[in-house]
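Heads up, the next two complexes both have chain A, just with different partners, chain B and then chain C.
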Partner chain A sequence: MSNTDDTKQVAVDDRDRVPNASETGGPIILFFMIGFVLSLVVGWVVFPKLLYSQKKQPIDFNHVQHMELVDEGCESCHFFREDGSFSGAPTLAQCIDCHEEVQGDTPNEIKFVEAYVQKDREVPWLVYSKQPQCVYFSHVAHVKMGNMDCVTCHGHIGESTELPIYEQNRISLYSRNIWGKNIGGFKKNTWDRMKMDDCAECHVREGVRQASVQTGKGGCFVCHK
Partner chain B sequence: MKIDRRSFLAMSVGGAVGTALTPLPWKIQDDLAIWTQMWPWTPFPPDGENTYVNSVSTLCGGGCGITVRKVGERAVKIEGREDYPTNQGGICNLCASGLQMLYGPTRIPYPMKRLGERGANQWVRLSWEEAISMVAEQLGEIRQAGQPETVACLSTRPYGSMPALLKRFMTAYGSPNFMTTPSMMDAYDMTLKRMHGVDGRMGFDLENADYVLSFGSGLIEGWGNTVHMIRINSKWKDTNAVLKQIEPRLSNTAAKADQWIPILPGTEGILALGIGYVIIKESLYDYDFVNNFSAGFDEFRRAVLSGYSPGNVSKQTGVDQSTIVALAREFARARRPLALCGRGQGTVPGGFGEYVAVHALNALVGNINRPGGAWAMPRPEMDGWLEPVLDAPAEAGLAKPRLDGAGSAAFPFAGQLFNRVPVALKAGEPYPCQALLVYDANPLFSMPGSGMVREALQQIPFILSFASHMDETAMMADIILPNLSHLERWEDVPVTEGFHRPMLGLAQPVVDPQFDTLHAGDTLLQLAAALGGTVAASLPWENYEACLKEALSPRWAELEDRGYWIDENFTPDDWSLAFPTVSGKFDFAVSGADLKTLFAMTAPQGDDGSYNLKLIPYDSVRIANGAVGSPPFLIKIVSDKVLKGKTVLVEVNPETARAAGFGEGDQAVLKTPLGDAAVRVHLSDGLMPGLVAMPRGLGHTAYDRYLAQKGVNANDLIGSVEDTASGLDATWGILASLVKA
Partner chain C sequence: MKHSGNFGKPKRYGMVIDLDKCTGCGACMVACMAENNVPFKEDESKKLDSISWLQVYRLTNGKPYPDAEVCYLPRPCQHCAGKHEGHSPCVSVCPATATDYDQQTGIVSQIYTRCFGCRYCMGACPYHARHFNWWDPVWPKGMEKYLNPDVSARMRGIVEKCNFCFQRYQKATEKAHAEGRRDLEENEYQTACTQACPAGAIIFGDLNNPKHAVHQIAKPNLKKGGQPQNPKAFRLLEELETNTKVYYLSSKQWVQDAIHKPHLLDQKEAHH
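Up next is the complex of A and B:
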C-alpha cells in the first residue's frame, strides 16, 4: 500500500518539474537529426542497393560492332514480323546466319557458339524494357504509325559496346529500367523511365486518340486490354 | 548527455520524417502493386512469333472448325475458324477449354496395365510392343476358341474413318458387336428408315424454317451442332421466325423462345399427337403430300383420332386445350414449319413413338425434303476402301446375333442399341461378352443407369481402353493403349448432328505428341498386324495416315488445302423419288407397326407409390456430359445456383418445395429407386410443380480435383428404361422424393 503511494508521489513531482533547455532541447534535436539523416541515407542509398539484384547477360553483346555490319539499323535484327508484331530480342535462327561457326576468337563468341548455337538452345536474354503482362504495347503503332525512333524509349543502347548489367527488382521482378535508374523517379531524357506516367505524358502531349482502337473505350483500355 | 525514452522517440520521429522524404515508401507500394500483376503461379503464354494451325475440334459431336494460335511449339489459344461453314468463327466453351485437355493432368501418358482392383487406379507402365502383343494374345485366344463374337467394341461417334476402322477390325475379326453410344441420332435414323424407307441420316434446314416447334430440344444448349445452332437462333430473330419451346423446365432455349409451353415430362410425343389431331380434324394438312406422296395415312389418322383429342391430351400433358389448338393452327399455317425432338442435347434417344409423332407433324404439313424442312441425307461413307477379307471363323462369328439385339426379330430396324447390353449381359443372353474395346466413350459415366453399366463392365473379363484421359470407364480397363489427344492427331470429322449439307472436316495435329501415346488408328493397325491372317489382310495400311488418305482419296486434296469439304449445292430428293418404301411413298403407318403400342407413353422406373415427385435431368452448355469431362475452365463458369462447393443444387418449384418444407439452399436427400444423394434445394419458378431437375455431367469420380467428387451424377439416380417398340433408351426421368437431410 505504502509502495503505491510513494510511486504516485514521485510521478507528481516529476510532472511538476520544468526541464531547462540545456537539459532536453539539444539532445532531442540531435536524436531527431540522427534519425532523419539515417533514414535519408537508407532511403536514398541503401534501399536501392537492397532492392535490386544484379544479373549479367548470358552473352555480352556488342551493338556497335553489329551496327557497322547491317544495313537497316536496329530493324535489321529487331524487326517487324509479317503480321505486324515485333520480334524483340533476336532468336538463334537469326544469329545463326553468320554465327554457325565461331567468328574471331573472343571468349564471348566462343561461348555463344558452343553453348547456344551448337546445342540449338535459345539465349535467355534478359530484356531491360519488358513491361508487365497487363500492359498491351504495340511497337508497330509507335514506330511505324507514330514514326518514333527506337532511341526515344530505349536510349542509345545501339551505340554500346557491351550490355549493361541487368538489375532486377526483387519485389516486382521487373527490370530497373522500367522505374528508371534514379530511385527518386527523376528523369532527364525520355528513355530514362518507362512507367505508365511516361507513356501518358507523351500520349497527352501528342494528342493521341484517348480511346482503344478495338473497343472504342476510353482511358485505361488504350493500353490495358 | 542522457539517452532516454524521449531520445528514441525523437530519433523515430526524425526517421519517419526522413523516410517520408525518400522514395522508399512510395517505391515499395508501387513494386508491390506490380508484383500482384505477375504472381509466379499465374501462367502467361510465352513471347514469340504467333503461328496458326487450322483443325477441327472433336471434343463434342459438333465438330467445329478451329484455329489454334501457337507461340513456338506451345499452343496458347483456340479460336473458331471464321470461314468454317458451321460455326463461322464461334466456338463453344468446351472447345475453347481444349488446351486443358491437351496439357492437363488427366492425360494418360503411356500404355498401362491394371495392377490392383478394377477402378483402384493402380497401373504399371508397359512398352508399346508389350502392350500390343498382350492385347493381340488375348484377342487371338478368344478367336482361336471360336468365339470372336464375344468381343464387343464401343465408339462415341458412328461416322468417320476411326469408327469405320474399328468396325472393319471387328468385322474382319468376326464380331458383329460394333456399337456406338446411344443418342437421338439413333432414333432419327430409325425414323428415317421406317417412315421414309431411307437408310441415311436426318438433316434439318433450320436456317429457312419460319416456325419451329421444339419438343424439349435444347436448341441453344448443345442440341445438334452447338455453335451452329446458336447462330441459327440469332438468325431466327432477324427473320422473325417463331420458336415454341415445349418442355417442363425453363431452359435457356425456352427463355429465349417466343413461347415456353411447360409440359409434364415424358408426354411430349402425346402433345405432338394432339397437335396432329387438330391438324387432321380441321383438314389443315398438306393435301398434295398426304394424298399423293404418303401411304398409311388412314391407319395414322385412326390411331390419332381415337385417343388424342385436345381434351385427352390436355389431361395427360398438362397443356391447355386452347394452346394445343393454337399450336396446331399456327404450325399448319406457317410457310415452312418444322417440328424437332431429342430432349436437351439429345444424349439419350427417347422413345421411338415420340419421334414418329413429331416427325409425322412435318409430314402432315408437307415440309419434308423442302426448304426449311426435314431432309433425308446420305450417310457419310468411306468410299476409298475395299471390302474386308473374311475367313471361316469371321463368317461364323458375324452370323451370330448381336449382344444388343439390334437387327434381331425383336428390333429389326435398330442399327445399334448399346443401352441394352447391360441387361443382356446380366441375363447371359445371347452369350457372355469376353472382351470390350472402348474408343472415345465413357459409358460408365454418360449413360443412364450407371450402376447397371458398372455391373456389366465387371462381368467382362477383359476391357481395352483407347482413352486419352483417365475417365471412369478407363479406370475399369485392364489395359489402356492411350490415344493421342484431339490436338495431336489426324482425324476426319463428318459433320452430322442434323446438319443439312454433306460435310466433312479434317482435324490435323496442332502440336507434336506430348506423351508416349499413339493414334488409336495406328494402334488398331498394329493390333491387326499382330493378329495376322485375314484380320491383318483387311487392315493392310502401313499407318493410320495412309488409311485416312485412302478413305478420303477423292476429296483429300481439298481437305488438306481447305480443311473441310462441303457439298453446298446438295438438295434432297424430290417427293416422287424420295421414299424407297414398299409403296414408294412416305409411310405414316411406320412400316406396319402397331401405332397404339408405339405411341404409348414410357412409364418411369420404380412406381411403387412411395415417391411423390419426378426427377428429370437437364443438359447445360456449361457442363460437359459426354465422353469428355468438363475441363477446369468449364467448371469455373458453372453458377453457384447449380453447384455450390461440392454440392449440387436441384431445381424445385417454390410451391413444391414449400409443401415439403424446404427453402432456398436447404440441404436435402434426393431419393430415387436407384439410390440416394445429398443435394441442396434451389427454388425456381422455371420448373413445373411436382418435379426435381438436376444437371447432367457432374458427379465425376475420375478426372482431376477440379471436377472429381463435385455434385452427383444424374445417371446414378436415373435408370435406363427400354422402349419396347424399338429397343431404344426411352429414359426421360425417374420417380423421386426429397426428404430432409
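Up next is the complex of A and C:
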C-alpha cells in the first residue's frame, strides 16, 4: 500500500518538473552554442597553430636575384645528373663558384660565407617538399618525359625574394607543404598540396600507367618503393 | 588495362633458374637481404621468426650413398598472374589494397605503409614466399649506414616479400628517361640475386620479349597460361594454375618427379 503511494508521489513530482525544465532551456542551448563555436575556433585556428612548429631556413635565399644571373632558369642550380637522378637543393660546391668571398654587405651573405663556405660545411636546408620514405618520385619522368614545369608542383618559389617559413608537423614530422596550408585539406592551385591523392589526380587524368588490378588506377609501384 | 598510352607494351618480368647450375652456395640469399634491407635475427634458424625473400631449398633423391643426389632450389616470390592476368592468390585476398598486381610489369607489389598485418596473403600464398615482421628490425650498431636508401625499411606487424628488386627498375627507368627512352634494355634491369649468382644459374628479363633470354629459354606458351614449351623447364605447383613467372630448368628426371609428384618425396628430406 505504501509502495503505490510512493510511486504516485514520484509521478506528481515529475509533472511539476516539466515546466521548470523548459524555462531553463534557453541558457542551456546558449551554453552549447558557445561551446560549439569555441570548439570550431579551437579546431580550425588554435589546433593548426599548435600542430605545426615554425622554423626559419639557415640562410634566407633570394631566388629573384639569382634567377637574373643564371641562363637556364631553375635547372641552372637544380639540375639532373647523368643517371637521371635529380640534384635537389644545391650543395656548397655549386655556390662556391661565386661565393668564395663575401659579395655585398647583406648579413645573410656574410653569415653564409663565414659559417658555411669558410668552414666547408653544407647548409642544412629544410626541404619543403620532402616526402615520406615510402614514396618514390622521379623528377626526370615529370620534367623530361611529361614536359611539366617546376611551377605546377612547387609554385612560384622562383619568383620569391625570401624563403617562406618552414612549418613542420609535430606529430608526423613532415613539412606542412605535404598536407597543404589549409587544415581542411582544400586546395586552389596544383602546388597547394603534395599528398597521394594529388599525384593520383593527375595520373588518372593523364592515364599514367593505370595498370593496377586492385584499383584499376595507377599501379602502387609507380609512386611507392 | 584502360590506358597503356605511350608507356609501351606491357612487360612480364620473370626468371629462369637453372637447377643444374645452382650449387646452393646462398650468394643470392645474401645479395637479396643486403639489397632489400631485409632484417636478420640473432638466431636465423628460428624459421617462424626469420625473414628471407629468397629461400634456397635442398632436395634429395633419398637414395643411399652411391646413388645419392642433391639439388638446390632457390625460391623467390613467384609473381603469380593467375588464370587471368592479376588473379594472384595473395592479391585477391588482401583487404587493405597493400599488395597489388601491376599489369604494366607483371610484378606483385607490396606497399609496407598500407599493410596492416592480417596475414591473409601469407595463408593464400602456396609458395611460402611471404614473411611477417614479428619485431621491429634491429641493425647492429653502424650497420644502418649500409642500408639501401632506395628501399623503404619495414616495421613490426607487416608482411614483406620479394618484389624483383623493383627499385632497380625505377632507377633504370630514370636513366632511360634522362636519355629520352621509355623502354629498358635487358641488361639495365636485373635483380640482385641474378647478378650475385656465381654460377649464372638465375636469368632475369621480360617473358613477353622474344629477344630476352628468359623468353628464349622457357618458351612460355601465353595461350596456355604461360606453360613452358621447353621440355626441361617447369614451374612450381603448375596444377594450381597460379601461372607463375619463375621457371625452373632441370635435366634430372628425379627432380622433375619431385616437383610434379611431391608425395613420392621423403618428407623429412624435402625441407632444409
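In the analysis below, the second predicted complex is superposed on the first by the 197 of 225 C-alpha atoms of A that agree within 3 Å, B and C clash if a C-alpha of one lies under 4 Å from a C-alpha of the other, contacts with A are read in each partner's own complex, and residues count from 1 in each chain.
FYI, a residue touches a chain if its C-beta (ideal position, glycine included) is under 8 Å from a C-beta of that chain, and two chains touch if they have at least 3 such contacts.
Owing to the predicted nature of the structure, the values given are computational and were not obtained by experimental measurement.
Asks: Is the arrangement of chain B and chain C around the shared chain A a clash or a fit after superposition?
Replies: Verdict on chain A: clash between chain B and chain C.
Asks: Applying the touch criterion given at the start, work out whether A:88 contacts chain B, chain C, both or neither, answering first, second, both or neither.
Replies: first
Asks: Is A:219 in contact with chain B, with chain C, with both, or with neither (first, second, both, neither)?
Replies: The second partner, chain C, only.
Asks: Report for A:40: first if it touches chain B alone, second if chain C alone, otherwise both or neither.
Replies: first
Asks: Looking at A:134 after the superposition, I want to know if it touches chain B, chain C, both of them or none. Which is it: first, second, both, neither?
Replies: both
Asks: Which partner chains sit in contact with A:51 here, chain B, chain C, both or neither? Use first/second/both/neither.
Replies: first
Asks: Touch test for A:32: chain B only (first), chain C only (second), both, or neither?
Replies: Touch partner of A:32: chain B, not chain C.
Asks: Would you sort A:210 into first (chain B), second (chain C), both or neither based on which partner it touches?
Replies: Touch status of A:210: second partner only.
Asks: Of the partners chain B and chain C, which touch A:103 in the superposed model: first, second, both, neither?
Replies: So A:103 meets neither chain B nor chain C here.
Asks: With the two complexes overlaid, spot the stretch of chain C among 7-15, 61-69 or 151-159 whose C-alpha atoms clash with chain B.
Replies: 61-69
Asks: Take the contacts of chain A with chain B and those with chain C, and give the residues found in both.
Replies: 83, 85, 132-134.
Asks: Using the touch rule from the top, collect the residues of chain C that touch chain A in their complex.
Replies: 1-5, 7, 10, 85-87, 91, 94, 97, 99-105, 107, 109, 111-114, 150-153, 163, 166-167, 169-171, 173-180, 182
Asks: Note which residues of chain A are touching chain B in the complex, please.
Replies: Checking each residue of chain A against chain B gives 23-24, 26-40, 42-44, 47, 51, 81, 83, 85, 87-88, 91, 132-134, 169, 171-174, 179, 183-185.
Asks: Any idea which chain B residues touch chain A in the complex?
Replies: 1-3, 6-8, 10-19, 21-24, 27-28, 30-32, 34-35, 37-38, 40, 44, 47-50
Asks: Spell out the residues on chain A that touch chain C in their complex, using ranges where they run on.
Replies: For this pair, the touching residues of chain A are 80, 82-85, 132-134, 136, 138, 140-141, 144-145, 207-216, 219-222, 224-225.
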